[in-house]
Amino acid sequence: MSSPTLYGLCGAVLVGLGLFGLIVHPQPLRKIVAFNLIGGGVFLLFGVVARRGAAAGFGGDPVPQALVITGLVVAFAATALAVALLLRLFHETGRATLRSDG
Amino acid sequence: MADFLLAAAGFVLAMVALGLVRILRGPGDADRIMAAQLLGTGGIAALLLLVEAMSVPAAVDVALILALLAAFVSVAFVKGAARTEADGA
Amino acid sequence: MSLGLDVLTILAVCAGAFFFLAGTVGLLRFPDALCRLHALTKADNLGLGLIVLGLLFQVEGPFAALKLISVWLLTLLAGATVTQLIARTARPGGTPE
Amino acid sequence: MAFDTGLAVLVLGVAVWTITARDTFAAVVGFVAFGLLLALVWVRLAAPDVALTEAAIGSGVTGGLLLGAHTHLRRTETAAAGELPGAALRLAAAVLCAMVSAGLAAIVLLLPEPAPTLAPQVAANIATTGLGNPVTAVLMAYRAVDTLLETVVLLLALLGIWSLAPDRVWGGFPGPHHDADPQGVLTFAAQLLVPVGILVGVHIIWDGSVAPGGEFQAATILAAMWILAAMVGLVDAPPVSRRWLRILLVAGPAVFFAIGLAGFAMAGAFLAYPPPYAKLLILTIEIPLTLSIAATLALLVAGPPERAPQR
């Protein structure tokens, strides 16, 4: 097995782990962290595709690499928005929970 | 030479990974910050060794950014810890 | 000449790696926060410092060397700041900042 | 190979820790460590540009953002932890996630051989952009529309955050006010770090045309330095109603869009650069774009206005 494949498998496991955290954790902040783990895994899969496409003297295919850079910045913007929504919820209700009842 | 540097990078990473056990055990936030600090320094050291082993000199900038941002995150840590205590914990 | 430099690199990097080992052991084994802090700063300053020193023998050109040294200085600054503040919080009766 | 295996195991170990930690603070620390290790992985995958972005945004600024959020929410976290779903649901979730992972792993193992790649096309056309860094060429030339829309997404996220402000503080200062302590250790560290950080940021953008680096990485560093200065009280965030601030935020995308439209006249298509001026035009876009992105990222971290503007 080559190293890119190894990191690809690592990315696949990361997506599963993050998804698990996203479903199971009741605290919204933990869900945000878990969502970022999923993101890390997906980006790693892109990285493997990029590394395998090494050609023409480049260490990797620059197109998926550029997509990952775009993705990282957008993921950050989404995280910041999610955190702001969460803090607003906390200031409105004094609690930070997604439960609709009590 | 490249093999030696790669091995050294692996060794340093393994060491800081052990240091991570301190994050697991805590008990206080101070210990967690210390372990994160060790991980930051070790990560930077491993990265520098890696850069030289793989001869990608441009990646030294990654270490430079990590060093800057590690300082930034540390200050956020300390600020956060100070604020939580001020809240009357 | 190159062989001599390689030997210097290996020596310095090994010494640096040793300080990381020592720092980790200290972090895990020392009884209280201040002792652990002492162990940590050794790993931080000397471990990274020696590794940077070792790598300096390998790089080409003053600019690359300058970058390596700045990485070390930045880490020192961050480490000094944070350890100072941790020490204040960890000391009995100490106040943060 | 042994190194890669070790690094992959370490990444997974930290990820498991981030998910399973009982304490949210420990999970956030774990996430910062995770980002740092991912930066190492990107270097191993021969993607230094991505490593720079991961180190700056993925680990650094996201870590700072999450730490700040945790400080606010600390006392609610333990209460919410009691709402953990039942064992059956957790088991079902674990099975589902294992299946997702297995599916992705199968895809990784079954990727076509030889791998499809666009690298030769990039190599064949990079000379016309005058740039030396293929990733910057992709971001600023071949896929420039993506990058333009991305900056718009950042602005939309900022609008979303600002719209969360209560009416009475609208137009006010974002985030809490930090008092400066002129004798403080933090102030001293920030006074040393900020100028160095700005220098590194300029170096990264300047390098970006020929070596790994570029406007997003540079903008993140500039944003982090500004947040640092704000955290220790050296500067205060400007009220969000300031006109110069609004102009700063839209200047980058506006210049980008204007040059894109000029592409119709100069080269016959949106965002097409006439070859002799390609590098000049790209630099003309990059400099205001860096400043705009830096301001946007810093304000995204600062959050919605919290203090009413002085009248």
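Note that the chains are named A, B, C and D in the order they appear, and that numbering of residues resets to 1 at the start of each chain.
By our rule, contacts are C-beta pairs under 8 Å (C-beta built on N, C-alpha and C of every residue); 3 or more make two chains touch, one makes a residue touch a chain.
No experiment lies behind these values; they were computed from the predicted model shown.
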Winner on C-beta contact pairs when B-D is weighed against C-D: B-D
Centroid distance [mean C-alpha coordinates] between chain B and chain A, Å: 21
Approximate Å spacing (C-alpha centroids) for the pair chain C, chain D: 28
Geometric centre distance via CA averages, chain C-chain B, whole Å: 11
Contacts with 2+ other chains: residues of chain B: 33, 35, 40, 56, 61, 64, 68, 70-71, 75, 77-78
Shared-contact residues (touching 2 or more other chains) in chain A: 59
Of all residues in chain D, the ones touching two or more other chains: 44, 46, 61, 68, 70, 186, 189, 193, 196
Pairwise chain contacts under the document criterion: A-D, B-C, B-D, C-D
Complex interface listing, chain B residues touching chain D: 6-7, 9-10, 13-14, 17, 20, 23-24, 26, 29, 32-33, 35-36, 39-40, 43, 46-47, 50-51, 54, 56, 58-59, 61-62, 64-66, 68-73, 75-80, 83-84, 87, 89
Chain B to chain C touching residues, read off their complex: 1, 4-5, 8, 11-12, 15-16, 18-19, 21-22, 28, 30-31, 33-35, 37-38, 40-42, 44-45, 48-49, 52, 57, 60-61, 63-64, 67-68, 70-71, 74-75, 77-78, 81-82, 85
Touching residues (chain side chain D, partner chain B) in the complex: 2-3, 6-7, 10, 13-14, 17, 23, 25-26, 29-30, 32-33, 36-37, 39-40, 43-44, 46, 48, 51-52, 55-56, 59-61, 63-64, 67-68, 70-71, 74-75, 178, 186, 189-190, 193, 196-197, 200, 203-204, 207, 211-213, 217, 221, 224-225, 227-228, 231-232
Chain A - residues contacting chain D, complex: 3-21, 23-30, 32-34, 36-37, 40-41, 43-45, 47-63, 65-70, 72-81, 83-88, 90, 95-97, 99
Chain B-facing residues of chain C, complex: 6, 9-10, 13-14, 16-17, 20-21, 23-24, 27-28, 33, 36-37, 40, 43-44, 47-48, 51-52, 55, 58-59, 64, 67-68, 70-71, 74-75, 77-79, 81-83, 85-86, 89-90, 96-97
